[in-house]
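Look at the two complexes coming up: subunit A is in both, with subunit B in one and subunit C in the other.
Now for the complex of A and B:
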């Protein structure tokens, strides 16, 4: 498979018709002017590439050789956003030409991007560029699907399980293609691998909240209950885990907001208190949850319990957050 | 892959437990639990499952304990000797790069020239405790308004370097760099009108703003970079900010912090951007309303304070992620913004200061770093220093206009080389106020 859209080398380029560019990088400074601040000593290679790139950019030449040069710049400096931007415009123009011989296609571009992504895991221009490509260059709406995007996302997250940009891109894709069917399994995989991976817990909440939006009230409740059970198992596994407790707390809030039966709501809270109490010696997050649940139940009636919990957090279990716990105590007064 | 407390883990647990007791709690014996359970037993909050997260954290903790326990290489105990910032140690690191070119490998930052200028000059401004000298001001001016042009013209919006397209984030770093000169003569060269019209072209239907035309990111970071510049240059309009407030509000997550876009994970950097943006926007749109009317401030305070674990004492940027010196500002600065508005400062300032001074600097290399084991860089030098300013200051305001936020170095502060900063703008209060006074006279 060839993933080269552009087969040029520097030697093939006919630069005789490239207009010259005013080169600002070497200011013709007289001796009274100080040296340029934060000037980078460029390599010869880079200077040469950039000279051609700037010439083609400034003459708005949307050609295959321009496409080639953008790749050279990006490979030298992945964060060079001007090259990404120029590349995007070139592709848009060339794809519109529908030249069947030597076709420039979105597929080929995505293939190249996949490969580039694997070699530059920390670069994040890639993801917004990819988003623009899919949004703005697809000529036939059904030409692409989420399926095309899933493998590269999974590879990247396998390699760096908390990569913010990749998780964000996955959310964008899921929303864009309106396809949530792969997501529960995906979250399970990374929570099974590392129960402390907050990115996968947050992705799970993103999926859950979307499901809640599209479910009937009854489905909604059973979904939240199912998630509650799942989370309790994960807390059992590792009680001192802020991620699972934040998720659990959110589930209980959703139960409070989605039910109508006050009696049932109180029972839910009581149950959650009973659950959290099992960890009152092994998890400061359980203690924090307890204070939250008592407050939700009746902050007047359980004032003593709540106060005692915050005091314990201040003096024993989580003293570095004393300012926050004291603020919570002051709210009770 | 997963195993319950193996021997190593157990030893570490005891070590950490002992550390909390003796260092943080100042206890000689292990405490006894007194909560609702009937039988008293020893606290063990550290029982954990071993996963990638805990393995990575424990590696970092080992290095951190070394910094805390053994600063002078002899004692095994926590070093109780006081530590103070010594600006004269770090200044040569910045001076070197103010006077010399960068080596070729720095080409990776070729689209970030304004950032290099801001990081280095801002850190220099703070550490040297005085306005930038005229020689540096001239260098900054020449960087953004090349003297090649025979007649000096106004310029802006700015990009990442020569012949690069304008970029909202690069433009932000450029305006801050120009701000640092404290020079009305230089400020009058900024083309406010062109920047404003360019911003309008970048606005997106969802309320956010794109970093550049056609491609680029659009998230709370691009919004903050736009709003910060627009308020500094006095070009905020209803048209420019339309839809931004809703976008920002929707970025607060169930955890309490803010993600980059609605539905994304709460993160220190994006939380700072969102909060600072809200603090600029709300007084502009609704002079009679407060932050609490729009977001869950209580949950935000909870999330900010949860960024500081008892063991590391420094701040992390997300739940279950590693401590990193730059969050001293992204998270510490967010806490400072809230302190300005009258909320409690929910980070332990003296503990964070310990992390900064004992773990983010070393005797081997000048400059500040992310964590022990990493090399210093300009980005961390600037944001760790801004974080230290947060630790050493108290924040308040009499005025809801964020340009007039003030801070005062705490009485009894021992560090030299810290400045009173405005946390919304990541500049000194003095510069922010000067810019406000200068640009308020311009009409839109």
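Now for the complex of A and C:
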């Protein structure tokens, strides 16, 4: 839409019907009036736009000019939920009109949303709004695909590699479209860029767990083995990294819970102990992993080893958590 | 707050400045106004934490009628049918007060807490509380998740009945807020809560959709997050529900204590090349793995530890982290000694949210903050 087309008039609206908004920004403090808390010094433009919005909302006007006003309000107060809610229903109603001139399409709305998102990276209403648009296949039939979603997600994560809302949205998307094919490459990219990116490691585990659900037992094991090899390489690169060690530990838990016999499980744990021991002076997380693996093998038999590890954490490798490790020691006793 | 490192006078000035005037550049915070009021009032009452000071503070605010601002946000929607009548708080007077869809759970929660702090909660009659609980009940997503959204849809469900917004996120924060509101409005036992919400569905949402299995902590079910963890544990505590397995408890405890950042001493063999490591963060807490320390996560982690802890008979789990180191991080690194207030970290300017939560973390450590309702204990006497 060009700017010209967006010049709507609102002269017909009766603004006296909407609750009058007091602009008392020049109101002097006096003792006859109660103290107003957190008085915001609104701009004239702000109050005027809100009044028009209120008038349109009050008269339930689901029109193009209402759509336009919601955009103005969202730009002024991105967190004003009713503006998002109103906008959603206006779009639904305009779509239902199936007017060839109305030019409303899901794609256009997503284009606008993309642009707004780039300028408001911390806003979270954007993502649930976006989900609602995509889920509403009655109002917006046959117009959606995962492909449409990937570029904006990638742009946002490129800009802020640990943006919680965007990673959550990506999870929602792959589940909604049941398409996990892009995800390994995506996780690789961000782990290659920064091996400490916890969001990427967590997303990777989410993908792996879903792949395991749909795999045969043999495929399952080879998948976990492949991931184990990958993670060992990443730990080699940066041993003092909690994210890769968490992932490694979770892989071992998957192995423990995925149908191999006890003998095989013990061999796996023994191998992992041998691996973690390579880092027993360069990574406190390796030590923590060792305590976990010994407990998983036989916490009675390896009690001395486990105690010794906790002692090392108290005195040398993790003194800030000394009280916690002492608590773990007391739990063993 | 008797620690001489707390810049008490400057902090009092800081909070009062916000209570007086919010400049135009912050007008986009309009819908957060009840939150801003709560942060300021709660911050002040932490600073006035001995009985006499607190009484004077309440008197002073009663005298100048300050609670009028909060009370004016209270709205009742009565459809000549008591069963369906709802009530709650709108966030600001600039929004239309004739639409139930402008009521907001967060605005309601923060307004109720502010009224508690000012000892004005009696403003609400029992019939008002009934209507507020009815509003809360309609924000639960009963069809799918069991979680909560924060406001009602303009159109409602297909039968034009009031129901939760179709475009809001279903979120642990709103679950905590919903259950807290019910508590403030009189629900005390699980049976009380069950009159208004489906607690089984809610618990299912918390444990199945939000718990991060094999790492501990709560979040989007994939990556645990300290803020969401505090909301989940607070909700459980209010409902009187314990974590169902010892594994969940142990993993969550481990996850929480690991959020305190440590210094990798020069003589140690532990080394990192992470761009997320900064030695100045030592003692502070991060919200997630491999992130920088942040004032607000000192609060969310300590609060979670406190909520998790007194399930046990061994006292608070807060004692399992280095509390002296958190205090130093907050008071020497993120407190702004010139202007007053706390910043997010050592590099930012102070802001209201972090100023409140920095103080709240310190109050938690000194045992003067209620971790369930998030108000100073002095206000609940």
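As a convention for this text, the second predicted complex is superposed on the first by the 292 of 333 C-alpha atoms of A that agree within 3 Å, B and C clash if a C-alpha of one lies under 4 Å from a C-alpha of the other, contacts with A are read in each partner's own complex, and residues count from 1 in each chain.
The definition used in the following text is that contacts are C-beta pairs under 8 Å (C-beta built on N, C-alpha and C of every residue); 3 or more make two chains touch, one makes a residue touch a chain.
This one's a predicted model, so the numbers in the text were calculated from it and none came from an experiment.
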item: Fit-or-clash call for subunit B and subunit C when the two complexes are aligned on subunit A; value: clash
item: Subunit B versus subunit C as contact partner of A:128, first or second or both or neither; value: both
item: First (subunit B), second (subunit C), both or neither touched by A:116; value: neither
item: Touching partner for A:277 - first (subunit B), second (subunit C), both, neither; value: first
item: Touched partner set for A:161, first subunit B, second subunit C, both or neither; value: first
item: Which superposed partner A:177 touches (first subunit B, second subunit C, both, neither); value: neither
item: Contacts of A:54 with subunit B and subunit C, given as first, second, both or neither; value: both
item: First, second, both or neither for A:312, with subunit B first and subunit C second; value: first
item: Which of subunit B and subunit C A:193 touches, first, second, both or neither; value: first
item: Doubly contacted subunit A residues - partners subunit C and subunit B; value: 21, 34-43, 46, 54, 57-58, 76-82, 84-85, 88-89, 124, 128-129, 132, 162, 164, 167-168, 171, 194, 196-199, 202-203, 205-206, 238, 240-243, 246, 249-250, 253, 281-284, 316-324, 327
item: In the complex, subunit A residues that touch subunit B; value: 21, 24-25, 27-29, 33-43, 46, 54, 57-58, 76-82, 84-85, 88-89, 124, 128-129, 132, 136, 161-162, 164, 167-168, 171-172, 175, 193-199, 202-203, 205-206, 209, 237-243, 246-247, 249-250, 253, 277, 280-284, 287, 305, 308-309, 312, 315-324, 326-327
item: Complex contacts: residues of subunit B adjacent to subunit A; value: 1, 24-25, 31, 33-37, 41, 43-49, 51-54, 97-99, 101-104, 106-113, 116-117, 120, 135-136, 138-140, 142-143, 146-148, 159-160, 162-165, 167, 211-218, 253-255, 259-261, 263-267, 301-302, 305-306, 308-310, 313, 318-321, 343-348, 351
item: Subunit C partner contacts - residues on subunit A that touch it in the complex; value: 18-19, 21-22, 34-43, 46-47, 50, 54, 57-58, 76-82, 84-86, 88-89, 124-125, 127-129, 132, 162, 164, 167-168, 171, 194, 196-199, 202-203, 205-206, 238, 240-243, 246, 249-250, 253, 281-284, 316-324, 327
item: Residue ranges of subunit C in contact with subunit A within the complex; value: 18-24, 26-33, 36-37, 40, 61, 64-66, 68-70, 92-99, 101-102, 104, 150-151, 153-155, 165-170, 212, 214-215, 219-220, 222-223, 225, 254, 257-258, 260-264, 268-276, 282-283, 288-291, 319-322, 325
